[in-house]
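We just call them A, B, C and D in the order they show up, numbering each chain from 1.
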Amino acid sequence: MPTATPAREQRAAYYELIAQRQLSPLWESLHNLVPPQPKPRAKAAIWRYAQIRDLVMQAGALISAQEAVRRVLVLENPGLPGKSSITPSLYAGLQLILPGEIAPSHRHTQSALRFIVEGRGAWTAVDGERTTMRPGDFIITPSWTWHDHGNPSVDEGGEPVIWLDGLDIPLVASLDAGFAESYPEATQPVTRPEGYSFARFGHNMAPVRELAPHPTSPIFSYPYERSREALDTLYRHGELDAWDGVKLRYVNPTTGGWPMPTMATFMQYLPAGFEGRARRSTDATVYCVVEGHGTAYIGGDAFSFAAHDVFVVPAWQPVRFSAVGESVLFSYSDRPVLAALNLLREERL
Amino acid sequence: MPTATPAREQRAAYYELIAQRQLSPLWESLHNLVPPQPKPRAKAAIWRYAQIRDLVMQAGALISAQEAVRRVLVLENPGLPGKSSITPSLYAGLQLILPGEIAPSHRHTQSALRFIVEGRGAWTAVDGERTTMRPGDFIITPSWTWHDHGNPSVDEGGEPVIWLDGLDIPLVASLDAGFAESYPEATQPVTRPEGYSFARFGHNMAPVRELAPHPTSPIFSYPYERSREALDTLYRHGELDAWDGVKLRYVNPTTGGWPMPTMATFMQYLPAGFEGRARRSTDATVYCVVEGHGTAYIGGDAFSFAAHDVFVVPAWQPVRFSAVGESVLFSYSDRPVLAALNLLREERL
Amino acid sequence: MPTATPAREQRAAYYELIAQRQLSPLWESLHNLVPPQPKPRAKAAIWRYAQIRDLVMQAGALISAQEAVRRVLVLENPGLPGKSSITPSLYAGLQLILPGEIAPSHRHTQSALRFIVEGRGAWTAVDGERTTMRPGDFIITPSWTWHDHGNPSVDEGGEPVIWLDGLDIPLVASLDAGFAESYPEATQPVTRPEGYSFARFGHNMAPVRELAPHPTSPIFSYPYERSREALDTLYRHGELDAWDGVKLRYVNPTTGGWPMPTMATFMQYLPAGFEGRARRSTDATVYCVVEGHGTAYIGGDAFSFAAHDVFVVPAWQPVRFSAVGESVLFSYSDRPVLAALNLLREERL
Amino acid sequence: MPTATPAREQRAAYYELIAQRQLSPLWESLHNLVPPQPKPRAKAAIWRYAQIRDLVMQAGALISAQEAVRRVLVLENPGLPGKSSITPSLYAGLQLILPGEIAPSHRHTQSALRFIVEGRGAWTAVDGERTTMRPGDFIITPSWTWHDHGNPSVDEGGEPVIWLDGLDIPLVASLDAGFAESYPEATQPVTRPEGYSFARFGHNMAPVRELAPHPTSPIFSYPYERSREALDTLYRHGELDAWDGVKLRYVNPTTGGWPMPTMATFMQYLPAGFEGRARRSTDATVYCVVEGHGTAYIGGDAFSFAAHDVFVVPAWQPVRFSAVGESVLFSYSDRPVLAALNLLREERL
């Protein structure tokens, strides 16, 4: 073991000296700061619905939606303890709303998506319009839009509804750009009938005076029925990618781009017996299994998955899929952020 | 009557002199060249389907689709005689295809739209994919795409089909930018099943690797069923503009802009009894009545209209609509050209 | 000579019949309407400054700038007689302003460019800011901006100034989109000092709150000194294209695109002895020789050129240059129109 | 002091239970995760050049540029200890290069800017072209471009040169998107003469075939001489904002946007005696004083500044400037990131 050379001592003394002026020597940290390739601290992980559904339901007994504001169990990446993050820039949680409950109205600069896992009939309201939730629907509550959730009472046919929340909370925190407000009432007024926004923008048409692109999608609910139909049609027509199966991204119809500026969302179909090839990219991705079962190979690990499971693929980790039965996967990632900053890389292996 | 003054004679002599050098005095023509406001030579006009349908059908006996290449009666603006134009930049024609016929494959730099007026079951093929025509469908064959049309034989259930062709032929001619080619066979090969493009782009989703905007819409058929549903929903939800009724524009889902760079297309719903206010704009517009009847007031003229009629509103002419019965109007104009060149003006009167 | 067959007679009768309904048979005109390639009516032509300068100066004696509003000799294409056009979409004229004169203020939707040919010290004012003209400067007066021109008196050092006007008059006329207004006074008030706009946008910087792209360049004068320096530097650095020599386009610094939406402008340097290769494109182009002399080969014709000559290359005509002495050419075309409408084609031969 | 209630105990037990499944209760952390407004951990701070210049020069004796790869003292925010960050997303360092030294060639996905503080004659090479450094020049080495720095020997007139490095290292780290490579030689080959890129894009012109926007500015050196001239001209012309003085942003001339996608850069002029009003925004900003002296009031603190000092304003902290002498400030921030993600807010107080 080498003893400290004079040069080394001299440097140490210098480092102490400059530290008093809030300075540090780049050459000691350059390799870590500018690494040859990404080494994410986040880990691949899975949350199996069979193991956590009861825990989610128990939260219903433990705390009311009103008291919780949002009754959510956060899926915390084991590589990022205490961070309430599933990837360095993304948050994931499972939210439960019981019949007769309201999750009170608020807004925040964080963008949010909801992917409905189980139950039907609850609603989300966004800036005055409500949409009814059904399993597989993808719903957005964009940055700084008032939003609240509710569920009809048991008498009105309400049933417990669970969905996956995806937000850009860690990203917004890292940029010191979070603002939030509560609405003065539990629910905002309903000013437009359900289906209004979809009728305006959902049919490859747009109101004649609406020419400016919207930064977020004016369609805030993308029904599973139509997404599933698109995937089925393409599969029947022979579209099948060796890496992705049949994979579509959700679109903001006023731009052709992403529904929100910080999160991309996807839905893909894997036929029974599909053995996909591996790919990797710099966007970290959260998956939610909609239908089917199979195995996700992430880095060196294999995760068997079944319907409603949630798993996460960190940045630059190779991932490939093996589907036992016909499977459908929803996913979201920070791809728009990487693309906007010219930092998106992808490799098909 | 004043006699020629010396100055006037001097000027006339000068004008003759400079004419030999291909020069002319701007000050004699400035007011005409740079007018205070548009004075279109095109006139408002209507083609009543009841009066021309038989003529269209007679063309079927007179010439085959094969010989005609396109069996079309051109709707020629009475203010633009001999120009084969309905407005200075647009062309309109009614095309007939009989059971068992083929309109042979070609491509050209002119952009074309087809709006189906009568009959069902014929098809248009665009770059390897066919789409079946039904009344009210809006179909595009963008610039430089191979396209052919066909109709099943009577035995296969074919019936005569008539549609409105809209093209930018005069515009492309005025820019000396027309190119065309015939396909070596009557029909191009079918390489993709019907519905393929719509499944890829029609459901507010897009293939995951398709990120670049397409200059023309990848959806080449916009079915009436969906357009009508969108209009109905909005009307039921109380959307009603005092000028336009309920009016939507067709969209290229990869950009949120127009389906093709030279022609905008619209569909609007006027409830029974609607008495619209007048508007005018610098885009000249061709209308095709889909359903209903009423009156179009254009400049100082009134044109009663019924289903399948075609009428034209020249640039900057005020137009307003009165609907006797619930009416649906399809329309197309050169608005994208005016918008791209920063020449679009609109007034709501 | 064949007599009319029954079919021919039958068709003729049919054509007469349908003409009464403003209908015409497409199949008789299809080939002309949709030609295999462009056949412009405009012809290649040159206006030699040595032959027309005196005529321009004579106009100064014939009519005042005040009376003429714009004292301009229009360069009329011999293939487009009576059209006041140099190409189907463009206008060119030589404007003279004498010491002490004012060309009164007005605005119009037509876009205009000024390329200074001879003389210095006159000014153009655009929306409250004046710029002084020097030979080789490129100045714009975009659509609907107030603009007037003036020249100091002889006592103040004024001298006759001649420039080339380039406008999109024929294009705007063909779209029925021309509007114009006179300013109530001969000159508009000067509200900003000379150089203000250039300081804000000319140095690859922009005011911190100016983020939105401007549809037209906020720099309205591009001095020759800087354009020439850029060309020289590139030539010294070995940049030399076999077709174009060293060729730059003028840029709107807020977008990176064209200075105005209807006309592209270029300046190119041809070293002494340059023998360029031929190219052609669908934009028709007007050239003004800034320095040097040589020959332009356009289609089958050869035009020797010298400083201040103006010549025109119709759409799709091959053009190549031979430079005897070191030459600089300014040019403008309707390329942005063709590009915006997806109709631009170019071939390097 | 309340004892644990049964409910509290029950909840604690539940929290332990779910933690085993990598779940945590959102309702305990919601307020922190979605705060009402930003509370940055970064602090306002200043590095006074008079106090650190000697330390920078000492580094020259301590380690060679070759060994250090980059001989830089990192300016570490006192609120972000151990993070090598000046703001949550930005890095700042002072780099020294001595006569005769080379900082070897490499590339990385991190974007970098260099603002020259002291000394002249060193060079930066970017993708084959070198540019000579002079105080006040702003130079970029965009993401994934090969770059090296060098300094002529003393015999060739070299002198020590110090510049401020600004990079997006923390941002790229937080996104797990860092890649880097060393060039096989100390310096990359020079393939283009100095000034080439500027001649192509620096004069509000562009090569005729360059139409596509560049994601980063093709001008990689913005000379102080021209920036200063623009500011001077505007100040002489009466442009003076009550908050910013005269403030320009650097521009990518192919887009009108930022020179690089992750960092905005600005230069502003404050006349002697200027007492600015306060503003705040969600982009955190690093300032480098080019000329003059005065005081920056940041949040509740006052920092007197003089030439070459560097100070940092965290996100959402109010800042205002008081200039004793005529002052020029360079600054950079993560504004493009916030703007791209729709998270930019600004208040003028």
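Note that a residue touches a chain if its C-beta (ideal position, glycine included) is under 8 Å from a C-beta of that chain, and two chains touch if they have at least 3 such contacts.
Computed from a prediction, not measured in an experiment: that's the story for all the values here.
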item: Shortest path length from chain B to chain D (each step joins two touching chains); value: 2
item: Chain separated most widely from chain B, comparing mean CA positions; value: D
item: Length of the line joining the C-alpha centres of chain A and chain D, rounded to whole Å; value: 31
item: Distance from chain D to chain C - Cα centre to Cα centre, in angstrom; value: 43
item: Averaged-CA centre spacing for the pair chain C and chain A, given as whole angstrom; value: 53
item: Full enumeration of touching chain pairs; value: A-B, A-D, B-C, C-D
item: Interfacial residue positions of chain A with respect to chain D in the complex; value: 10-11, 14, 17-18, 21-27, 29-30, 33-40, 42, 45, 47, 51-52, 55, 58-59, 62-63, 67-78, 84, 88-89, 91, 93, 108-110, 143, 169, 171-181, 215-216, 261-262, 282, 284, 314-316, 334, 337-338, 340-345
item: Complex contacts: residues of chain D adjacent to chain C; value: 192-193, 195-196, 198-200, 202-208, 211, 213, 217, 219, 222, 226-227, 229-230, 233-234, 236-239, 244, 247-256, 266-268
